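Next, two complexes with chain A in common: one pairs it with chain B, the other with chain C.
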Partner chain A sequence: MQNAIQELGWFLLAPTLTILFFFGVLPFFYVVYVSFHSWNPFAVDPNMVFNGADNFRKIVFDPAFLNSVSVTVLFVLFAVISELIVGYLLAQAFMRDFPGKAIFRTIHTLPLIMAPIIVGSVWKLMTTPSIGIIPHYLDEWFGITMNIGTSAPAAFATIVIMDIWHWTPLVTLTLIAALVSLPPDPFEQAQIDGANKRQIFWHITLPMIAPAVVATVFIRLMDALRTVDEVWMLTGGGPGSATRFVGVHIFKEVFPKTNYGYGSTISVIVLYLTIVVCWLLYVTMLAPRSKKD
Partner chain B sequence: MANVTIDNVIKRYGSVQVMHGVSVDIEDGEFVVLVGPSGCGKSTLLRMLAGLEEISDGTISIGDRVVNDVPPKERDIAMVFQSYALYPHKTVYDNIGFPLKMAKRPKAEIDEQVTKAAGILDLTKYLKRYPKELSGGQRQRVAMGRAIVRDPQVFLFDEPLSNLDAKLRVTMRIEIKELHQRLGTTIVYVTHDQIEAMTMADKIVVMRDGKVEQIGSPLDLYDNPNNTFVASFIGSPSMNFVHGKIATEAGQKIFLSDSGMKLPLPPTEAQEGRAVTYGVRPEHIQIGDSGVPMEVVVVEPTGSETQIFAKSGKDVIDALVKERISARPQSTLGFVINPDDVHLFDRASEQRI
Partner chain C sequence: MVDQNDAPLAAAHFEEEGAPPIAQKKAGFLPIETNWFDRVFISVVIWIALSLLWFRVFEPLGLSIWISNAIAIALAVFIVRKG
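Entry: the complex of A and B
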């Protein structure tokens, strides 16, 4: 009986597992395999040649790669932290009643359902000098000239703001869910125990929603680390390499340059870095809690 | 320490009114117990005292200050919730020390206070645990600990002992009384438990449906209940009630029940024929040949006492006596009632006559 059920279970899982194997596991190991080779099918020698850890050795001293990592990290820091703060404030606002709340909440989640490529195009339209609404009004109201095609800070800031615009609703939604599920008693008790608003936030609210916050940070972090399409649409990694995030960097390495071997190596390293960052986050924020609840 | 004045307080939730003009004067250092059936508004009143619930009408003052618009943290009160309200992410130690930490007291003082409270409450072993690793009774004691480490103006307790076993309940009851005697702090205490109310209170407030039925010392309420509700609520086992009217027999007023049982009356102004409810406490009934003959239904010996349920016609009366009586069901016993122990209530209004 037990066996029959188990067999049926595997049987039902088989299609998913097969797909997962061919489109997830296999390509992953293939990329790892390729990353130990020099392989450019359009070069003089189009063959895949095993070159040991050469790619990895090269990557450590590759200024283009190191630059892409540092702009990515900067971008992720700015974007994710802002999204958390704005998302939390919005979540708190939506916990209260105010006129037009339902409509505002619906509108505010709309960016979530847009594909990144569309988001990129829309923002490009809005920010292209002499066409876009944003440079137009910046100029008209404040006399500021904004040109994301030539100004590195403007391009970077626009991408951060675009990401905030696109992904804050996700943070808001998860934090609303977390806040709604909190029991009211500890908050009342804390008031009686003499805690002020700030103390309640740090001592009660934050620790109690920490699991949701960490989960959200995980999702956003992993997503932000591999941002490609929006940036590709908006700036193409420019001006110069100001917004050339790792995703964009890999894309450029693999497609125009057809450096398959080296591109795979970067992918593997980025995956490794992502895992390390998430693990650190998990260990510092969640592991001490697992004892508690 | 402070006196507390609750003046004609009304509470509405939307259009539903749950509190209809409650007034209680609590003196400085007094131990006041709120009792009443479930849903009568005890917790609501306590929460209004704490500032967690808005006061729809009337005023509450702590000391000389009207606190209607004072937020909880400025009222200087400590409260133990019916649901404990522990901080799930903090250890027992941090839970108990939380009010002191919020007040930015030095670490050494917090440590001393928490250790002392844990000792009193028998929680020393559990200081490093989290609330979910504790039993209901232990959680309740942590909540108590968090209240007693402070030195507030007023303590508010919402059924703080309801989840403890009988033995611990007695210990904690004594502990709270001692705490009260030592600190002399005003305490407002909600309970369902008769004995807690009678033994701990300086003053008992009996509530029903958002109204105060009677306020008085425990013995006062026991001896002179204002109405049948208070009479039935105070005292355990509960008072016997028999419905009937005043009659005259041989020139003397007696009570004649609806099913024809005759019971003795104290001197009363009530006129013949008036419909009344006759009340007598089980512990005031003796067994003897001179008494009213009653047919035994059940005899329940507890060792120290014997409770006898008996009937006459449709009327059921129980007696609680010190002697050991072994009467068989359906046998007849005489119930002796001293007229001085009898309470008479108007049948329609249920008020004392």
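Entry: the complex of A and C
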């Protein structure tokens, strides 16, 4: 009986595992394989040539790559932390009743259903000088001239704000689900014991929703680290290399330059950095501590 | 004379004899609970970080990458066995 259940389990899992193997595991090992080669199929010599760890030697001295990593880390820090704070505040707001709550929640969730490329186009229209609504009102109300085509800080800030606008609803929805599932007893007991709101947040709410927070941060972190389409539509990585995030850098390396070997190396390193960051986050917040003898 | 409260139940006693021994968890030097796969993963992460650091800092000074690999393997064995 037990064997039959196990066989049925494997049978039901087989399609997913097969798809995962052909579209996830196999391409991953292929990218790792290519990362140890020099390969430009449109060059004079289109063959894949094994060059050992030369791509990795080159990458640690590549200023364009190192710049793209630092810009991406900054972007991830600003975007994910802001989304978490705004998302939590909105989730707390949605836990209460207020007039127009249903319509506000619907409108607030709308950006989530938009494709990133559309978000990029819309923000491009809104921020283009002379036709965009944002530079127009910034100039009219505050006398600020905004041009994301020439100002690096403006371009970077616009991308961070665009990402916050696009992805905060996801954080809000996840945190609402976590907050709704919390039992009321610990909160009542804390209030009886005279705990203030800050103490309740740090000692009861946050530890209880920590798994949901970490899961949300994982999702947003991985998404933010591979942001390409929105940035590509809005700034194309510019001005200069101010918004050339790693995703955009890989795109530029692989497609216009057709440098597949080096592009694969960058992809492998970015994947490595993503795994390390997520693992460190997991260890710091969720991993069970070992008891010393 | 056996104290009735301390003596195990006969059925439970026989069942315990037949059951596979429960693996005792040994606390390693790592601050988190890990299994062998976690420790291999940690070793691979350290190996890659060490190699990249070596390429950047030590290889230009003439030190071969194989030294880094040897250190990483020694560290991996230590982490997997004692971690």
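In the analysis below, the second predicted complex is superposed on the first by the 271 of 293 C-alpha atoms of A that agree within 3 Å, B and C clash if a C-alpha of one lies under 4 Å from a C-alpha of the other, contacts with A are read in each partner's own complex, and residues count from 1 in each chain.
Just so it is clear, contacts are C-beta pairs under 8 Å (C-beta built on N, C-alpha and C of every residue); 3 or more make two chains touch, one makes a residue touch a chain.
Predicted model only: the values in this text are computed from it and were never measured.
Participant: Look at A:194 in the shared chain and tell me whether it touches chain B only, chain C only, both, or neither; answer first, second, both or neither.
Facilitator: The first partner, chain B, only.
Participant: A:185 in the overlay: touching chain B, chain C, both, or neither? Say first, second, both or neither.
Facilitator: Only chain B is touched by A:185; chain C is not.
Participant: Kindly classify A:17 by the partners it touches after superposition: chain B alone (first), chain C alone (second), both, or neither?
Facilitator: Neither partner.
Participant: Touching A:26, do we find chain B (first), chain C (second), both, or neither?
Facilitator: neither
Participant: Looking at A:61 after the superposition, I want to know if it touches chain B, chain C, both of them or none. Which is it: first, second, both, neither?
Facilitator: In the superposition, A:61 touches chain C alone.
Participant: Let me test your reading of the model: by the given contact rule, A:53 touches which partner, first (chain B), second (chain C), both or neither?
Facilitator: In the superposed model, A:53 contacts chain C only, not chain B.
Participant: One more residue to check, A:276. First (chain B), second (chain C), both or neither?
Facilitator: Only chain C is touched by A:276; chain B is not.
Participant: Could you give the residue numbers on chain A that contact chain B in one complex and chain C in the other?
Facilitator: 289, 291-293
Participant: Which residues of chain A touch chain B in the complex?
Facilitator: Against chain B, the touching part of chain A is residues 185-186, 188-196, 199, 203-204, 207-208, 210, 289, 291-293.
Participant: Applying the document's contact rule, which stretches of chain B touch chain A when the two form their complex?
Facilitator: Residues 50-52, 71-73, 77-79, 81, 83-90, 98-99, 102-103, 130, 132, 146.
Participant: Can you tell me which positions in chain C touch chain A when the two form their complex?
Facilitator: Against chain A, chain C makes touches at 26-28, 30-34, 41, 45, 48-49, 51-52, 55-56, 59, 65.
Participant: Would you tell me which residues of chain A are touching chain C in their complex?
Facilitator: Chain A reaches chain C through residues 53, 56-57, 60-61, 269, 272, 275-276, 279, 283, 287-293.
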